[in-house]
Amino acid sequence: MKGRAARYAAVAGAGLLVLAAPFLAPAFVTQFTFLWLMIVFALTWDLMGGQLGYNSFGNILFFGIGAYACAVFQRDSGLGYYEALAIGAALGGVLAAAAAAFLGLGILGLRGHYFAIGTLGLGIAAGEIAGGWDYVGAGSGMTVPLFPGALAARSLFFYFTLAALALATFLTLRWLYGTRFGLALNAVRDDEDKAEAMGLYTARLKTAAWSLSAFFLGISGALAGNLIGFIDPRDVAFAGATYGVWMVLMAILGGKGTLWGPVIGAAVFHITQEIFWTYLLGWQRVALGLLIVAIVVFFPQGILGTLREKFPGRFGSKAEVQ
Amino acid sequence: MIDNFLLLFDYPVLSADLALNGLLIGAVFVLAAFGMALVWGVLNIINIVQGEFVMLGGFVALMAAEAGLPVLLGIPIAALALFILGWGLYRLVIFRVIDRDLFVSVLATFGLSIVLQQLSNELFGADVRTLEAGLGTLLLFDGAVALAQIKVLAFFLALGLGLLLWLFLKYSRLGQAIRATAQNPRAASILGIDTDRVYAATYALNAALCGAAGALVVMAWAIHPYIGLPYTVRSFLIVIVAGIGNIGAVVAAGLGLGAFENVAGFIFGTEYQIALVFLLMVLVLVWRNLRLQRKRMYLK
Amino acid sequence: ESIRLGSAISLTGKYSTNGDFTQKGYDLAAKAINERGGVEVAGKKYTLEIVYYDDESTPARGAQLAERLIAQDGVQYILGPYSSGLTKAMAPVTEKYGVPMVEANGASVSLFTEGYRYLFAVLSTTEQYLQPVVDLAAKVADDPSRVRVAGAFENDPFSQDVQNGVLADIKRHSMKMVIEDKLPPELNDMSATLAKVRALRPDVLLVSGHARGAALAVRQLSDMRIELPMVGLTHCDSAQIIEKFGEKAEGFLCAAQWAPALKYSDPLFGSAADFARLYEETYGAPPPYQAAESAAAVMVFADAFERAGTLDPKAVRDALAETDMMTFYGPIRFDESGKNVAKPMVLYQVQDGEYKVVYPPEPAEAELRYPMHAR
Amino acid sequence: MSLLLDVKGVTKRFGGVVANDAVSLSVREGEIAGLIGPNGSGKTTLFSSIVGAHPIDAGAVLYEGRDISALRIAEIARRGLTRTYQQTRIYGQMPVIDNMRISAPDVKEGILPLFRRAGRASEARARDLLSFVGLYEKRDLLAGSLSFGQQKLLEFAMALMSEPKLLLLDEPTAGINPTLINGLIDRLKRANKELGVTLFVIEHNMRVIMNLADRITCLAHGQVLASGTPDEVREDPRVLDAYLGAQ
Amino acid sequence: MSADIISGYGEGGTETVLSVDAVAREAEALGSGITSEEALSLCAGEPLLELKGLKAGYGKMEILHGLDLAVGKGQSLCLVGPNGAGKSTVLHSIFGFTRIMGGSIHMAGRDVTALSPAEKLAKAGIAYILQDNSVFPDMSVEENLLMGGYLKSRPAEARAAAEEIFGKYERLAKRRRERAGVLSGGERRLLEISRALVMDPQVLLVDEPSIGLEPRFIDMVFEILEDLQKNEGKTIIMVEQNAKKGLGFADLGYVLVSGRAALAGKGGELLENPEVGRLFLGG
């Protein structure tokens, strides 16, 4: 009982911190907002890569679809800012999920290297197509409507909407991993043929997982498009070389296949990266590259995985190694 | 798009020109793809730095020429320099990611590619650079088709190196060790083959092939520090189409890809060229997989 | 005491060459001003200090960095980034915070139709880049309506605007556009477009694709043995086509914001030629116009600080709007939308291994060679 | 006893190799049937053909009187026909107990049941089955860290968990310590008797198959060589000649 | 080979039912472990290969906890024991695939503990035949054999050795041009064994020669091994789950439980020991 009370206290404390953060450190609100975005990235990637074992290099596709769908809706609907954004974000999520379901028909049949590279191909192709398509501004990109309220209100607005999205994603996944659906995902990861031979509907399972991942990413794309204010086809919406890779890195850094790993990974990565940008002018990408190499070479299990190996009792791995 | 298509009918020579130039571009892809296939087959690694090796090969050739050496000598020099670099990278990083999960190697080499890009940016600047090999241009069909001779050289060099590689793998001692390691590394090691050295040599050989390709790229086209990714992706595409064990198929797929790109880019517009290449790749993958799935198998 | 200006520029990534020129221009001007004792605001002398971040040539980063400069580092004046795309990403941020941005490298027209009040550009807008070429073509042709124009424009905000300008001009002269290609940003090969050019033999070829597009066009036109009467490019000097291609660069027309041969001058740097000399002494290479316009941007800020007589951003903004000055780079006066309407574009032609201004007639140093390969 | 499985003239080729050549055999409800034959005689291939791991070139597989030869592997599994593998296959990165949970029969109903909590009965059954194969103590270990023999037992328990009507076992005792083999045989017999699972077992180990099976079929070169009771088969001169070797 | 060895896997009852833990417990009780003196006294004359207090494992995990073992020239030794006892690990350690954490390995009096696998083969004359598939599937049978002589300085020597082997095993000679991937299980095993002979090693490490083989092939493999030991004087260390067959064949038997040698003795004696029979041979 005491443990439970402590837990509630911790949750309440964390909640308060989230609420108070933008007021405690107003200069960093945008940074925090991006952190929420990174957490959504890492969580949704891990649903596929860590839990289902389908390492997608193209999840950025859904982010881009969300960003464009929302921006187009905002441009053409004639609704007020908030209405258009709300409906546009929902639309972005739904379209992204639908795209995942459709593409999944072909792509989710691929495995291992082939799935990874197939999705990479989709992500890059999407960027190039958006860059050539005049309806969405082609190479010139799209500018979203200006936020109607005051400046400070805008920062807070995006901080809280993205925080809410990250929280919703986290809670959804937490619930999901507690059901047998989560076990089924793991089963596919460990041995898909076996899972199929045991009677699991693997195709539907994979599609459901990918669509869910895409749904949250789509919404995050819609919000991020508005947060950034300018949607460039290759460098914002379908930014495979940055966001697309960071998703993977953050999940791996934190520990893939765990619930908290991606969250921890996102936080550590985001902060490290911001520090690099501030102090290593012009060399930050070299540092980032070296960091990536170091992470995957020395911490392939990620932070949580390494902790679990070292202190199996503490970090919630039920399976002790003999 | 339609106009472009019709243009091909109005000027039939144009299609020859496009296809031939495409084939010549493909030759460079083929060189990089040889290496990709080797590294994939033997080390079981997808090497994302492939394109950066090409880029660095180009800069080495450029530096050699600036140092006053004959331009064409840049090709072997680039190959040699990259061989050394490849060996070094293997000893530093790659050997740690062999036998690990796919993602470890992909991300590690991706990290390396960022580092190499940025270092080249610092060292050589982001400018577009080219090198004049002084070979002139081959004019066909009354000058309606022009082929730079350096590209023709690249073409034959790619074919020649392919043949050499085949002979090397089949008959040389190291080549045999490479093949054995590729097929069954544990068995190779119980026969006394030092698999670690085989891996290092394979990786370095791959870098050397890419280096030669890069030297040709700077002479026939242009290079800059961020040119790598398209070469990585294309060599990957070629290898998945051709399979990792078949040098002849790599040549065919590479040349075919070059021609496809050039013609498709012409018809649909250059802005869609990259999208088309990637969509083609996805389609090939899915199509091959669906065919296998009818046999209830998967691409492995 | 010092006034801090902030800038996010491309030190890495695809724009890093030009990002570098931009930085050099800013630094040179700041240094020159500081050596003169700095800026005097309400009787007090301030030196100029510039805070840089690297935006990696990506808009998302640029927007974030602008925000960081303002919100975290407390910078109240922004010097623009390189390229229209990045300026486009940063303008909403500076606008939001009410921080004035003077920029020298974002020329896209679309920047000036958004109603931004805090954005000022010292350079001529994009649509004017290749218009002079079209005008020249019309001038040399017997019948302008029979001139056939081919264009290849990179698929980014800058070049797409260049294209729009050209299209408007072509319409005005009732010429015919026979090729209208978009070049991908990862451009490494133009042979598909050039094959079409070879087949259709247009009278004028226009290429806009930053430095890379210029270099590839020169190189591949020569490789493919295509000779046309007139070829217009952007970014030839930052692509260093003369240094790199020598003979092969002969005759190409190059759009430029500025040239050392121009007759403008100011008290800080002296004449355009003086600026060029100082730049070359400092950095060991002649200045491309990107450096010159960037230096001018700093001068505009300095001028505005002095006239405003306060460091309040709002007041500085209003002073900026009133700018009317002459610099080595040319006259600078902003219209309602913030673009410089006082300075014309110039057109060089590569003649005997040198850039010669051939248009407009006023500062022209040499006659146009037409067709381009004529001697 | 009625026929549960009826294989009629099944042929399967791999390129030029004819792995199964018009194989016909049957398994009756409630029995333990055995399958023996030299290396490469097509035993594993026949199992794969039955459960739908690959398409067959000719013939038909009847299960509970219905032709299942066109169904996909998962469909067949959902009808209660399950196999184990020659190379053990379990979910290595999941705890043993989760391996059991995800093998419960109701996961075969689709996605939705996965969101419901597992029934209490199902949890209890998972525990019982683990005790049954002697792995209850290890329930929280990662399945991949079990030893080879324990993994075989786990795979067997998972198969039972999914409540199959007919279970195909591919060399369940290969590589297992002889003493442990005895335990396995004991459990196979109990599963057959107490849980009513029909078994069809491939084995090279004569000690196992002779003590286990009610009827045995012997394959050679992809064809049925002989079938009958264990004693009949072991005395059959063709089997002795092609498989067992002169004693 | 004694006449009462039963073909293939053998036959018998299946009454003894013991759990793994029970086996381990009872095995502990059975013997107090083997000391190095006992190990030495078992082997005839000077030991050719000797393990002294060997501790080895993978990564941080220690699997073998101080193992003593000795085998003389021309002798054969069989390791039996429950799954996961560390039998394969013993062979791995001898060849140099594990992390040695303590103790030493001596070959003909020389300390070879630190040699790499390649050196073990070239310098110490130890060859290894793996538990699972180890042919090169896309090479021909002949190329596979030639790869066996990879360490020879001149290719001609390897060729000569290969010819000699083809002369001996006509079954292989018939298929020398075929891809090794199409061989049947038994032929592969034959190829793997003969490939290990090209370098003419003194010691052969064989892991589960009979796994997955049909009864007749098992007999064939053991005949080959017997021929090698009796006629060519090779020393053989093998691991075998088919313990009756293995112990019947070998001169020495070691029973391994949880990384320790619980019992050791002459192969025939162990076979007769009723406790060993009950615990390890399935009654």
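Letters A, B, C, D and E mark the chains as written, and numbering starts fresh at 1 in each.
We take it that a residue touches a chain if its C-beta (ideal position, glycine included) is under 8 Å from a C-beta of that chain, and two chains touch if they have at least 3 such contacts.
The chain list, named the UniProt way, goes like this: A, B = Inner-membrane translocator; D, E = ABC transporter-like protein.
Values in this document were obtained by computation on a predicted structure and should not be read as measured data.
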{"item": "Starting at subunit D (ABC transporter-like protein), fewest touch steps before arriving at subunit E (ABC transporter-like protein)", "value": "1"}
{"item": "Partner chains that subunit B (Inner-membrane translocator) and subunit C have in common", "value": "A"}
{"item": "Most remote chain, CA-based centroid, reference being subunit D (ABC transporter-like protein)", "value": "C"}
{"item": "For subunit A (Inner-membrane translocator) paired with subunit C, centre-to-centre distance based on mean C-alpha positions, whole Å", "value": "38"}
{"item": "Distance between the centres, which are taken as Cα means, of subunit B (Inner-membrane translocator) and subunit A (Inner-membrane translocator), whole angstrom", "value": "32"}
{"item": "Subunit C and subunit E (ABC transporter-like protein): spacing of chain centres that average the CA atoms, whole Å", "value": "77"}
{"item": "Rounded Å distance between subunit B (Inner-membrane translocator) and subunit E (ABC transporter-like protein), as computed from the means of their C-alpha atoms", "value": "46"}
{"item": "Two or more partner chains touched - positions in subunit E (ABC transporter-like protein)", "value": "none"}
{"item": "Two or more partner chains touched - positions in subunit C", "value": "12, 155, 182, 184"}
{"item": "Of all residues in subunit B (Inner-membrane translocator), the ones touching two or more other chains", "value": "118, 229, 269, 271, 274"}
{"item": "Of subunit E (ABC transporter-like protein), residues touching subunit D (ABC transporter-like protein) in the complex", "value": "6-20, 23, 81-84, 182, 184-186, 208, 211-217, 219, 241-244, 278-283"}
{"item": "For the subunit D (ABC transporter-like protein) and subunit E (ABC transporter-like protein) complex, residues of the former touching the latter", "value": "17, 37-40, 86, 134, 147-150, 171, 174-183, 185-186, 204-208, 210-211, 243-245, 247"}
{"item": "Subunit A (Inner-membrane translocator)-touching residues of subunit C, taken from the complex the two chains share", "value": "11-12, 52-54, 56-60, 63-65, 67-68, 71-72, 85, 88-89, 92-93, 96-98, 108, 110, 114, 154-157, 159-160, 182, 184-185"}
{"item": "Residues of subunit C that touch subunit B (Inner-membrane translocator) when the two form their complex", "value": "12-17, 20, 152, 155, 181-184, 186-193, 195-196, 198-200, 211-212, 215-216, 219, 223-226, 239-240, 244"}
{"item": "Residues of subunit B (Inner-membrane translocator) defined as touching subunit C within the complex", "value": "4, 7, 10-11, 13-14, 17-18, 21, 25, 118, 121, 125-130, 137, 139, 143-144, 146, 148, 221-222, 224, 226-227, 229-230, 262, 265-266, 269-271, 273-274"}
